[in-house]
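Have a look at this one.
So that you can tell them apart, the chains are marked A, B and C in the order they are listed, and the count of residues begins at 1 in each.
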């Protein structure tokens, strides 16, 4: 049992649920692959007018499933496959979806959760939601395409605080910083998202798809690898070998300390 | 009588008034052409140091003049002419103006109003002003150059909410989202704009023109078609045929339902 | 005595102090050159994990040292050398630094102060700090690379208000506008910055450097002249001769009026 991505369509609205019981819906590799499949199917579904992404049991997504990390993170090739094929494959499928996507964000929204939320058009959060990407505690940097995505959506200041300071923010702070469409008291979030999805689904569906295609084109690409085209074409060594850190002591120390439930020593 | 754009120069300040009585200053095609002429004249006027744009009778601009839409919107060529020549011609003339532009925003600031405000450097709004671009109710998307402009000024999140959710925002919300320079109680807006225009006009005029030219160059273009150059060079079909939706049922239904004062059925 | 940039390393944290007693730490030409040297040394120092930039005696930096301006500003070649070699040399060294940089901002943060703060990753300010770049009173525009930098960090709206309206903002306003990481009551700023620097220094140092390299690459360049590459390649005359205003009456009037302690007449 390594979690699941559940999908249900009700009228013209598709409901995507991130589910990993006992792990605050942390994303396993199987879940990343399933997330891609769900959005590829959504994109191909002509009757769909709105998609909602939410997490099971009061949390959105707490990050990656760290219990899987020792199996692939410490070798450059397998680390690249994870980030560029599995994670980015799913995020790209979300970015390439022409149907408006609403994020319903409650509880933990960390790391992978921030990345998934960054692919949603409208973000509704509960007051008690918490946001961050404290991977500096785990000894590794954010992969380039993922960093490009979250920096664009969070703003550079918030991205730097999450990555360099391991900062965690409240929903209220994230609204001020422009990441959230609105923040509601916890027991109103579900109703607001339901009403918003119904309203979005009642509006002109072809216009919505054309607007999403236009807004995507403004980001200089089709949600595919063009997102980082200028960076990839630039001279920084980090982008020629962004996964060369895989086998370093620092990376191993960060991940193993977490698994051993002790403080890392960097 | 299809509205007018009035211009008056007092000392070094030019006052542009959007005027369409009975229609909350909705922009007719004649008004778009007049707006272009006014700003081309302003740009060529050496004594001008500041321009203010405001609306007549307590509203900025409620959008486009929908009563004209059936005459040109449902045919691709005439729709393209409207967006790329008339609307963009006016917005480009504003963007190309080297003199600082202040928007005085009261009441309705919707659709075309948001686009015109997006070409202004400093935006002062009254507390009761309202902002949106609910064209998804009218069955059509935003034209690409206009979408590029408002997304840059509104931020992507707010642009998506306006276009995909048909959201309408208060002045206070728009200040938090970074679109407004300041918000004032309604009866103080006129005095604040007058004082701001006087202050701007007292500062070094050559420095202001050089700063505007520099800031415009940072947007990778001269306010002309370079604004969307990366998007236009990209692969998205939407940008190869952005007006092919002209004759679709959805578009016609949205516009006709509005004119017939009934709910559209999409 | 024309001010100094002081550096002290304590454990893994480097403390940079902008110091120009009696002038609120205004940057002299010697200080720009020293700032560059300090950051080039920091970048080459393997044991460093965090840098703090602060000002002496309760102010960050009040701008440039205007008493030096008559010696070089009114001739195009020497003005270019000042902006492109001395000022940009220092700012580029800060942008090229792979170690996280924290700004501790108290009191005046004007002109050069805003530019220096714009090169810092995390910005902590005291409630009484004030921000602006009122060079329109001095009769000159912002140099292109500096305008690109501050526009990116301040947002275009705030940059326009500072440059076109000579607006000055409180710390609270600058936090809302997304420029500051947090604002604290005045006597808590020093402790917060110390704690933040200690926390940053305790996190994975290689991951921090890789994250900074990635985030820098996203800005389409290495902190060098690529920052303005699209603008420089564009057609605007201002960027072909950005310092041609050096010998104009307006420029001389602005600087001389300030030195003579009188209102300029533009």
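Basically, a residue touches a chain if its C-beta (ideal position, glycine included) is under 8 Å from a C-beta of that chain, and two chains touch if they have at least 3 such contacts.
Since the structure is predicted, the reported quantities are computational estimates derived from the model, not experimental observations.
Homomeric contact chain A/chain C: same residue numbering on both sides for under half of the interface positions.
Superposing the C-alpha atoms of chain B onto those of chain C requires a rotation of 120 degrees, given to the nearest 5.
One inter-chain figure worth recording: chain A and chain C are separated by 34 Å, centre to centre, where each centre is the mean of the chain's CA atoms.
Counting partners per residue, chain A has 176, 178 as the residues that reach two or more other chains.
Interface residues of chain C facing chain A in the complex, by the touch rule stated above, are 100, 121-123, 152-153, 175-176, 178-179, 181, 196, 199-200, 202-208, 210-218, 220-222, 226. Here chain C touches chain B in the complex through residues 135-142, 144, 147-148, 151, 155-157, 159-161, 163-167, 176-178, 228, 230-231, 234-239, 242, 245, 248, 250-251, 254, 264, 266, going by the rule given at the top.
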